Structures are given as C-alpha cells and as structure tokens.
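Note that the chains take the letters A, B and C in the order they are written out, and that residue 1 is the start of every chain.
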Amino acid sequence: MKKWISTLLIASTLVGCNSGSDETVSKTNDQKDEEQQVQKTEVVFWHAMSGDLEKALNEIVADFNASQSTIEVKPVFQGTYEEALTKFNAVAGTKDSPTLMQTFEIGTKYMIESGKIEPVQKFIDEEGYDVSQWEKNIVNYYTVNGTIYSMPFNSSTPVLIYNKDAFKEAGLDPEKPPMTYSELKAAAKQLTKDGKYGFSILNYGWFFEQMLAVQGGLYVNEENGRKGEATEVAFNGKEGLRVFELIYDMYNEGTFYNVGQNWDDMRAAFQSGKMAMYLDSSAGVRTIVDSAPFQVGVSYLPIPDDVERQGVIIGGASLWLMKDVDEEKKKAAWEFMKYVTTPEVQAKWHVNTGYFAVNPSAYDLPIVKEQWEKYPQLMVTVNQLKETKATPATQGALISIFPQARQKIVSAMESLYQGVEPKEALERAANEINRELEMAKKR
Amino acid sequence: MPHTVKRVIEGGMYILPSLLLFSIFVFYPMIRTLYLSMHMTDFQGNPTTYVGFEHFVYLFEDRNFKESMKATFLFVIYTVPPTVIISLCLALLANEKLRGIQLFRTFFSSTLGMSVAASSVIWMFMYNPAVGVINKILIALGGEERQWLLNPDTALAAVAAATVWMNIGFAFLILLGGLQNIDSTLYESAEIIGMSRLYQLWRITLPLLSPTLFFVITVSLIHAFQTFGQIDILTKGGPMNTTTVLVYSIYREAFVNYNFGFASAQAIVLFFIVLIVTIVQFTFAERKVHYQ
Amino acid sequence: MSLLIKKISLYAILVICTIIMMFPIGYAFLISFLSGAELLQGKWWPTTWSIKNYVIAFEKVPLGRYLWNSFVVSFIVMVGQLVVSSLAAFAFVFLRFPGRDLLFFLTILTMLIPWEATVIPNYLTVQSFGWTNNYLGLTIPFFASAFGIFLLRQHFKTIPFELYESAQVSGMKHFRFFWYVVLPLSKTSLATLGVYSFLTTWNMYLWPLLVTNDESVRTVQIGLKQMQTQEMATEWGVVMAAVMIIILPTLILIFIGQKQLQKGLMQGAIK
C-alpha cells in the first residue's frame, strides 16, 4: 500500500509543482492585463510577417501605440498564413481569439464563409469613411458583392526582373526588356550560354494565375466566382494553354531554368547569374536590387503576342476583424486600421517593404519620392498596378479551395519539365480541381 | 480471486499515469479521427454529413494517393536500412578501446542534438544548385551540376540522405549503449579459445545486441513512416508528388486544404499500415531476440 | 607492429567518419559569418569573422527569452517522462496481472498514431483545460511516452528476474525494489531517455506554435521560423547564425550527457 502512496505523492508533487508555478505566472499576466484594461484597450493582432517584414510591422505598431494613450496593439507572430488560419479555426469565438488577424488573399472566401468575422464595411458605413482614397484595384479585390470585408494591408504584384549586365553582354538593349512572349523567347535564347539560362518562373500557382489574368483569362467560371458560386475551372482555355506552352517550349529549347518552389533558391539562382530573367513579387524588388552584384532591371509581366494587356491581380494579404470580441476592442482595432492606411504610414510601409501603398497619396510624400529616385525600379511596379483594368479577370478568382488548386497547378507545372504535353498537364490539373470544387459544394 | 484483484490494482497504479495521459491525448483524438474519416467536414473541421467509406473508396482510386504510398514505402527503404547499418558500423568502431574515443563518440552522436528545422535549413543550403556546397564539390571533382531537390529521380533520395544523417546520432547512441552493456568477460573467454573477431561479432555481439537492435529498428521504422519536417522544408512534397509521403499528405489536407475528413481517412490508412508492419516485426523478430 | 598499423588505420577511419558527420554543422558555422551578398555569390569561407549576424539574430526575435522557455519546457518534460515511463515499464516487466499484455499492446499502439492526425483534437482539449499559453499545455501532453516505456522495458528485461524473485522472497515491497534495485541498475537507459526526451522537446515546432499565443512561453524553434521570409529575400547568414544559437545548447548537452552516459554505463555493467 505504502508504495502506491509514495508513487502518488511523487506524481502529485510533480503536478503540483508545475501547476503551482504556473498559477503564479498566469496571475502576474492577469494582473498586467487588468492594469492595462484600466487604462488601455488591448488589441491582439495576429500576423504572419517574419524576418524584415516583421520588423517593419512592429515599427508601425509601436508608432501607433505611442501616438495615443487609449489603445494598445499587441502584434503576435503566428507562423505562416496556413498555420495562423488553422489556429484561427480553433480559437475564433473563444477567449484566445485575437481582435485583428492578417490573412492571405486566397483565404478571402474562406474567411467570409467562416461566419466568425465582422466586415469592415460596417465601420466604414457607420463613420462615413471615405474609401475612395484607397487604391481602387486593391479595394476591388477585397470587395465581394459590394461589401468590403477586410482592410487591404500588404499587397504585391508580379514583375519581370532581369540582369542588365547580362543583357549588355548578350548584345541586347538593357533598357528594352521583352514585353511579349516572342520577344521573351528571343531574348532568352541570346542570354542562354555556358550553363547560364535565359528565363525562369517559380513553380508557384500565383504566377500562373497572374499570367492568365494579364491576358484577361478567367481562373474559374461565374466571372471568376464573383457573380456566383464557381462550379468549374476556366483556366484550361487558350490563355492557360499559352502559359503552359511557353514554359514547355522554352524548357525544351534549353532556355528555361527550373528553380523549384522556393523563393530564396530562385533569387539565389538569379543573383549568382544562373538565369538572366525571372518573375518575382514586387515586394522582393528592393532587396534584389540591393544585393545583386550587377544592374537590375524591372519590367511588366510579358504577354502573348497580339493580346491586349489587362493588368495584374493584387496579391498579398488583408486585415480581418473578429466578430465575437467586445465592441470596444473592435472600435479600437478600427482606429488602428485607419491609422495604418494614412498616407504617412503607408509611405513608410511601402519604402520599408516594397508592398504597395493602399493609399496612393502616399506616393506623393517625400520619403517615397526619395526612395524612387534611388530605386526607380519600384515605380515600374506601381505603374503596372495603376494601369490595370478592373475586370473579373484582374479582380482575381474567389474560391474556397484555392490552396488545393495551387498545389495541383504546381504539380502540373512540374510535370512540364518531365516532358508531359502542356495540354495534358493542364487538363489533368483542371479535372482534379473540378473534383475539389464539387467536393467543396458537398460540405 | 482477491489476490488477482489486488494485483490488477497494484499494476494499474503504476500504469495509471501513462494510461490516463494516453487516453486523453492519443486514444480520444484517434477515435475522433476515425469518426471524422467517415464524414464530410466544414472548413472548421466540424463534421457535416455522414459519407461512410466514401473517402476510403476515393483514396484507392486517387493517383495522388498511389503516388504518396509509393513515396512513403520508398522513403522507408531509403532511410531505415542505411541508418541502422551506418549507425551499427559507427557504434562498433566507437566501441574500440582507444585513447580519445570519447571525443569520437560525442561527434557521432551529435546529430541527435540537431532539430529537424535546423538540420533541414542546413541541408537545403547544401543542396542549393547555384550556391550549395554539394554541387561545388561535384563540379570540382569533374561532375555535372544537379538540381537535387527538383529532379523527380533524385528528390526523395536527397531528402532521405538528409534524414539518415539526422537519425544517425540517435541510433548510434542507443546501439553504443547496447554494445557497452555486453559482458566483457565473454570476449575475454572468446579470445582464450581463439575465436576470430568476425566470429565473435557474429556469435556474441549481434545476438546479445539483438534487443537493442530490435528496438532501434522498430523506432526507426515508425519514425520513417511519420517523417514530416524535412519534407515540408526541403521539397514541400514536390516535384510531381515524388516526396509527398503520407504524413505530409495528411498535413496538407488538414492544415492547408482544411479537408479534415479526407485527411482523417488517410491518417487511418497510415495507422493500419504502421500497425501491420509493427505486428509483423514483433512476431518475426522478437522470437529471434535474446534477452540476457 | 601490426598493432600499430591497426591503431593508425582505426584512427584514420574514425577521423574520416567524423569529418563526414560533422560537415553540415561546420558548413552552417561558416555560413553564419557570411553577409548576404557574399553568400549569393557562392562564397563559403568568410573573409571577416564578424559576429554581426549573431547580433542581428538576437535583435530580430527575442531569442534569449525563447531559449529560456525551451530550456524550462524541455526540462519539465524530461522529468515527467522519466517518472511516468519508468513506473509503467516497471509494471510491464515485473508485475504480473491480467490485462498487462493488452495494456502494453495499447501503449505500443500509441507510437503508431501519426501526430499530425491528433493535433487538432488535442489542441481543443488543451484549450478546454485552460492550458493554452502556459507551460502546462507545452509539457503535460508529453509526459506519457510510448517510446520511453518501450526503451525502459527493453532495459528492465535485461535485469535478471531472479533478482526480483529473491526480493519477493525476502519480503521486499515492489516500490522499494523499483526504487533501490531497478532504477540504479538502469541508469544508462534512464540517462538515455532523459537526454532523448529533452532533445525531442527542444526540437518541437508545430505544437508550441499552436498552444502559445505570445513570446512569454514560446520556444526557440518558432524563432527560427520567424526569421525566414517568403516574399522578401531571407538573410541566410542571419538564419544560420540563429541555427548555431539554437543547436548550441543541445550540442553542449550531448557533450556533457555523453560522459554521464559513460559513467552510468560503467555502473550498469556491474551485475
């Protein structure tokens, strides 16, 4: 008998120790919370910004907290967008729920359907906030059925980046980057030599979506899912096929370099001179220009010959308000959102990260002007967005199974390098995504 | 009878803490998984409609699932035998009585201290086609540059090589412990009767090491079936699903696609595969294992 | 003479194996001193040995706090696992009672369950206990370890059963036998399990990310992830510096633990 008792004792003291120490920890936390609540409303802000982006974000938050005395925003890193969403699923509506959360663009429909969020439109209406000061193309993406659900925050688009020195060496004009597929192919041919390649695209669904949209191609039916629930993919038409054929042809001509799925590998390959042109996010432009040991040029996304340029889709992420938190916290979060979209803050954000300014008047501020003088490449990215026509194609697709769709597209892109015909690869991806759409309807 | 009851209670007391924790954190979620595997789920993971075995039926038609089964088994074959054999060789080497052997033992077990995240980051860099050291060495030796992680023929083997490296430290340490536990007088007597070293290895070392070896093989097998971190960091399941092992596929369905029902069905399949492999291993191997 | 040749060749093999095994770590060490530009140009030997990357790593994320949290969590899990596992393993080897084999089978079964499949229900459980964002949620779910029980059972089985029988005859209580005979004879395995559980806990990523909400209890692996970016270029030199900072404590533990293991082994050998 005694031995069990002693066993139990050991066990219970152990547990006791832990819970004991823990209680004190949580108590001090509570006390802190209480003290803060007396003075300030705490807004917990979940984000997925890491590295330099987190640094820039934390600066903005710190400035906001210092600018007034009633609200305290607490930024918390929650892993990747996917990981943050997983956690959001579990905590939405509980005491662990954040007030404000950042989610990537392909999670838009997912968030709306979760029923756990409060559209920012509510606050816009209540206050009569003037949305026209925001970049119309960015607002366009996050407007669903006439309602703005979330606050656009970090937005980027794809651009063509090229090595000017390599252009000179190959006898090309470094100020005249290729704008069409045939120019691109010709330039890539001239740039390919001695184990160096002409062109590359990351195996990432986003780039395919963009190359589709720039031709005016839709990703799914029902006007990209904006008019009604999308039931079938539409990317397997001629526009999608042109993109796949471009990759397939260039790869077989030996002018296209496969960089895989990793952004850093892609940039390492470009900077070490492995390939002379590639597609990148506008948010990566500044670091590339800074770290490349050669002159870097930035240009628009190439389009097929004889196709009218439609423009690009906004990528990136937006900020969402939770429904089940105190009204006071929501109001505080809204104050923060308004602060974030002021031209001054947006100018700083744009300069530090390369993301677009949600509020275009930021571009007129001196710090942006200065930056643009130093990095004229950034202007190209802004112009490409400004020239975008607002159509369902450039508004971007609205489907809840976007993550799956991207995986299937990546697989299809990879199969091109293994000699699978473009038509076949495209159809296989289309069939698989159609099945996912069908399954999603059943849920 | 009361004697038996007393025994059950007494045995139960020792096992209770484990049992309680297992019930809450393993058995309950497993039953939940089984339940979810027969339902469609909404994006929050709540079951919506009962679909019976529909997920399972689809699984066996799905070519992606076939690909991931193939990747899983290949991965096990690529990692478990090399890990065990290399670790055994290192353990035998490090079991020699030499000056400074302690230092070598420490070096050989060092990868045990490397987290999957940290190791994968390092290997990702080593494999990088443009700046990585592996291609540099290869080119210096007159070879051709290769895209290790992007070529469907080499990607899985490349991930496996990194995994073997990560796992050696652990297997080595356990095997060395087993070797050290063997009674040294046995070897002394073997020397006296003039047994050769190779014969000693075969007749004394391996039989007496067999419980440890059995343990290492079992654990390595289970770990191999459940590999996740290095795949996520090195290849994300690509190229063309050649490295999408089952656990990665489960993770992707559940955490990226929010398809919990389908993910649960795959988890159940994985569970049964590992269960069968382990039962086979126990029934065949434990008979051959010698306990001192 | 042949003995000398044998010794030299043994050392040679040992050194070659060491170089191969340690190469990735050494490589990471070199990279951690390189600047971003040097790296992308494919250099691998630092021109200057500046610790700039290490300083930046500490500035970027609260690594000091994370290291401490990792240490506390790993230590608690280590102690918890040793207690819980040794008790269960003892029962599985020395006590005879109906249902014992079934229970052992159930224990082994838990090893086969893919962790990814149980994460979500477990997260909800921990949350309903109110254990999120504190050390409880990070540690208690890991106290019971099938691996630990299995490892200790394998070792306890090598303890001669006659010892147990004679203890029974002399009227020694089970717990005394467990405490004074079994545990001292199993120092090796206990040490191995202790080191192992410490290391695996140190290396967890997904679970700590889920159950923690802020940096007060977050662990160091999250810090590593926090330094890598997608859309902007990652500073690999800094990331490698973080890798070195993160692996240093565990490598030191192995340096020390290895010697402790050796001592335990010597004592364990006396039967």
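Everything below uses one rule, namely that contacts are C-beta pairs under 8 Å (C-beta built on N, C-alpha and C of every residue); 3 or more make two chains touch, one makes a residue touch a chain.
For clarity, every value in this text was computed on a predicted model and none was experimentally measured.
Set against the C-alpha centre of chain C, every other chain centre is closer than that of A.
Between A-C and A-B, more C-beta contact pairs are found at A-C. Between chain B and chain C the centroid-to-centroid distance comes to 15 Å (mean Cα coordinates, whole Å).
Chain A and chain B have Cα centroids lying 35 Å from one another. Chain contacts: chain C has residues 39-42, 83-84, 87, 120, 140, 174, 225, 228, 236 touching two or more partner chains. Shown for chain B are the residues that touch two or more other chains, namely 10, 14, 17, 45, 130-131, 255.
Under the contact definition stated at the top, the residues of chain A that touch 2 or more other chains are 4, 7, 11, 83, 86, 268, 272. On chain A, the positions that touch chain B within their shared complex are 4, 7-8, 11, 82-83, 85-86, 89, 92, 110, 113-114, 195, 203, 258-262, 265, 268-269, 272, 274, 400-401, 403-404, 407, 410-411, 414-415, 417-418, 432, 439, 442-443.
On the side of chain B, the complex with chain C involves touching residues 4, 7-8, 10-12, 14-15, 17-22, 24-30, 32-33, 45, 90, 93-94, 96, 98, 101-102, 104-119, 121-123, 125-126, 130-131, 133, 136, 165, 168-170, 173-174, 177, 180-181, 183-184, 211-212, 214-215, 218-219, 222, 225-226, 228-229, 246-247, 250-251, 254-255, 260, 263-264, 267, 270-271, 274-275, 278, 291-292. Against chain B, the residues of chain C that register as touching in their complex are 7, 10-11, 13-14, 17-18, 21-22, 24-25, 27-28, 31, 39-42, 44, 83-85, 87-88, 90-92, 95-100, 103, 106-122, 125, 140-141, 143-144, 146-147, 149-151, 154, 157-158, 160, 174, 188-189, 192, 195-196, 199, 202-203, 205, 221, 224-225, 228, 236, 239-240, 243, 246-247, 250-251, 253-255, 258-259, 261-262, 265, 268-269, 271. On chain B, the positions that touch chain A within their shared complex are 10, 13-14, 17, 40-45, 48-49, 64, 124, 128-131, 145, 147, 149-150, 152, 235-241, 252, 255-259. By the touch rule above, chain C contacts chain A in their complex via residues 36-37, 39-42, 60, 76, 79-80, 83-84, 87, 120, 123-124, 127, 132-136, 139-140, 173-176, 178, 206, 209-210, 213-216, 222, 225-236.
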